[in-house]
Amino acid sequence: MAEVHLVRRERFCAAHKLWIPEWSSEKNKEIFGKCANENGHGHNYHLYVTVKGEPDPVTGMVIDLKILKRIIIEEVIDDLDHMNLDMDVEWLKGKPSTAENIAIAIWNRLMEPIREAGATLHQVRLWETENNIIDYYGQ
Amino acid sequence: MAEVHLVRRERFCAAHKLWIPEWSSEKNKEIFGKCANENGHGHNYHLYVTVKGEPDPVTGMVIDLKILKRIIIEEVIDDLDHMNLDMDVEWLKGKPSTAENIAIAIWNRLMEPIREAGATLHQVRLWETENNIIDYYGQ
Amino acid sequence: MAEVHLVRRERFCAAHKLWIPEWSSEKNKEIFGKCANENGHGHNYHLYVTVKGEPDPVTGMVIDLKILKRIIIEEVIDDLDHMNLDMDVEWLKGKPSTAENIAIAIWNRLMEPIREAGATLHQVRLWETENNIIDYYGQ
Amino acid sequence: MAEVHLVRRERFCAAHKLWIPEWSSEKNKEIFGKCANENGHGHNYHLYVTVKGEPDPVTGMVIDLKILKRIIIEEVIDDLDHMNLDMDVEWLKGKPSTAENIAIAIWNRLMEPIREAGATLHQVRLWETENNIIDYYGQ
Amino acid sequence: MAEVHLVRRERFCAAHKLWIPEWSSEKNKEIFGKCANENGHGHNYHLYVTVKGEPDPVTGMVIDLKILKRIIIEEVIDDLDHMNLDMDVEWLKGKPSTAENIAIAIWNRLMEPIREAGATLHQVRLWETENNIIDYYGQ
Amino acid sequence: MAEVHLVRRERFCAAHKLWIPEWSSEKNKEIFGKCANENGHGHNYHLYVTVKGEPDPVTGMVIDLKILKRIIIEEVIDDLDHMNLDMDVEWLKGKPSTAENIAIAIWNRLMEPIREAGATLHQVRLWETENNIIDYYGQ
């Protein structure tokens, strides 16, 4: 059978800072550099979600793109877009908002709904800038 | 030995619509959404073909890029560029022209000629828009 | 006073062909080349609309971006996206759908609504491919 | 003589929100939409600075690019990158941080130093997202 | 009447160095920095040629794109692509190969042939990297 | 445990030619095409380095990005940027400077320093033009 991967891109603009409250300001700046500016900074994040599955023999689609788009919007983008990732998002709290941690948390949000829609989540790619990208494939 | 992957991009502009003739117009529009506009729409498709192999110890090349380019142009681009994918392309007929089905059909066109040229086809990536991409690795 | 230009990008995917019905098939192909394929081809068009004006001294905005976006969507994108430019669009009929003619027609659709919203249309840029772009500044 | 325009791109990542303190939360959200999230959001801004002048007849350069780069970094990027535009930047205070207002303020920072370096500032382009761009040419 | 601008992009890959033979190696490095590496370096240049004119009332085209493309290829790209700009190109000799000087020389190559083809050259944009761009509008 | 991939992009501009000194000029041109121009040509190379590892449970980082960036700059970019790959770079000598060979050599430079920094090199992607890319995953 022919397994196919489908990649869907969505975007969100958000503020954050890298900061561990148990650490001094000096230690935060030593470890996180300019990402530890106390009033925060922000990014235009690009999120690429890859799902895999066999195309339906009739429709030729791995997944109904309208459904995949709705899952990503409802589970992720509505919570993150034009938000402060550290202050506004329940499911990101308690850990520094590195791109690594955000990508893992997005994976955990998307895995079940995509399975229920009949496909398998394969990769979450989080593009923070043209120079810094994170890929996560689950555990 | 050192296996290397080489990615070659080519592009084509084409019209298509998603439409199953056995279905009513209503059902086509319910399933395929705005992609089922009866007079068609179109895209600037980007095709990324990845081949793998060991670089020739003398030339340092996995495959002669002139040959790979010629194969992609002759087997795929000449048939698809500035065409209607549903009406003009024999090897796409009989199935809806989803990006999934196009990517699989392109793989089937390229696999043998690339093998004859001494490399192995690894991936066909079909970029339909900045938001929708298909990857296919064969069966 | 400080006049500022604001550029808004929207996109649409559409089919078209370049074809003059009074001409023979041969003449159409001689003049328009592969753009005269009889069953059409298509593009991912990018539309950049530039308006100018003085930022409001309180809000700091040339125009309410929500209003500008709504004008572009309602006047242009809703009519063009996932459509056949030659068959589905009343305001493009009667002329070949060159990027030049589309850009002029888009300008004529947008000029008045943008003026009523308090700004001045400055430029319509229509990006057809990475290699072909049209700019129009009105008459 | 041959006047030439030179464009230099630099980038910065920053947090901000659109918010007028004299207004209620409701009015801020009505006017500025999701840009008025109280904890802020952010962007990867791209700044394009265009200067003009005649190339030096010996070196063939409009301006020493090392000097232009240093001016942009020292006058603008060092103050904005990984900062909160509303809280950390003296020269942006007192007005909403719309892209319009940021572009005008950047122009005012750059005009004199570029003149002293022997060229003329022609345009400040501030790219906030792929969809929203501001151009400013001075008064 | 409706004057329209048409932009055509072509690309070339070339080697060059910035070097004035009358100067010492030290002075060349002081003025041109790392661009004065003696064995050269290189770029993927993007050339954007903008012409203007009124669309033909029948064909809707400012200029036959096949003709414009041929002019750019024959007058510029064939001479520059996969060449050393300082050693292989007669019409660039005698001056440092700054992007400024290359853009002016390209303008001088294109102006007459484009006029003979019935349009007017408006701008030559030479993109050297994502960060450095030159625009030239003629004298 | 949660293994994460982190991709870092750096860029360099360099000259090179494809040329085997034991071959005649004719044979070099037959095999390497326009890449065998004797005075060289050049590219804006983009280098994507992917490392993998588990994010630190406290900092949430796979690797300190400042350290990864320093390794790539010191081991690769400082040697290649604004250089002639065939004449200036000891660790590229003796083989044609195909993108395949450059990618393998970059992998060999980076593998140990990245391991010492606590992560694992996963992929070297070398982007030569928008159309030609090499991926290498080690032996």
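Order as written gives the chain letters A, B, C, D, E and F; numbering starts at 1 within each chain.
Assume a residue touches a chain if its C-beta (ideal position, glycine included) is under 8 Å from a C-beta of that chain, and two chains touch if they have at least 3 such contacts.
What you see is a predicted model, and the numbers here were worked out from it, not measured in a lab.
When the partners of subunit B are compared with those of subunit F, the chains appearing in both lists are A. With A-B and A-D as the two chain pairs, more C-beta contacts join A-D. Taking the mean of C-alpha positions as each chain's centre, the chain lying farthest from the centre of subunit F is C.
The pairing of subunit C with subunit D is characterised as different-residue: of all residue numbers used at this interface, under half are used by both copies.
Same interface as A-F, judged by over half of the contact pairs sharing residue numbers, among the pairs B-F, B-C or A-D: B-F. The distance from the centre of subunit D to the centre of subunit F, with each centre set as the mean of the Cα atoms, comes to 34 Å.
One simple way to say how far apart two chains are is to compare their mean CA positions; for subunit E and subunit F this gives 29 Å.
As a whole-number value, the distance joining the C-alpha centres of subunit B and subunit D reads 41 Å.
Shown for subunit A are the residues in touch with two or more other chains, of which there are none. Contacting chain pairs (ordered by label): A-B, A-D, A-F, B-C, B-F, C-D, C-E, D-E, E-F.
Residues 18, 20, 31-33, 95-101, 103-104, 130-139 of subunit C touch subunit E in their complex.
Touching subunit A in their complex are the following residues of subunit F: 1-10, 50, 55, 58-62, 64-66. Partner subunit E is touched in their complex by these residues of subunit F: 11, 13-16, 34-35, 37, 39-44, 81-84, 87-88, 129.
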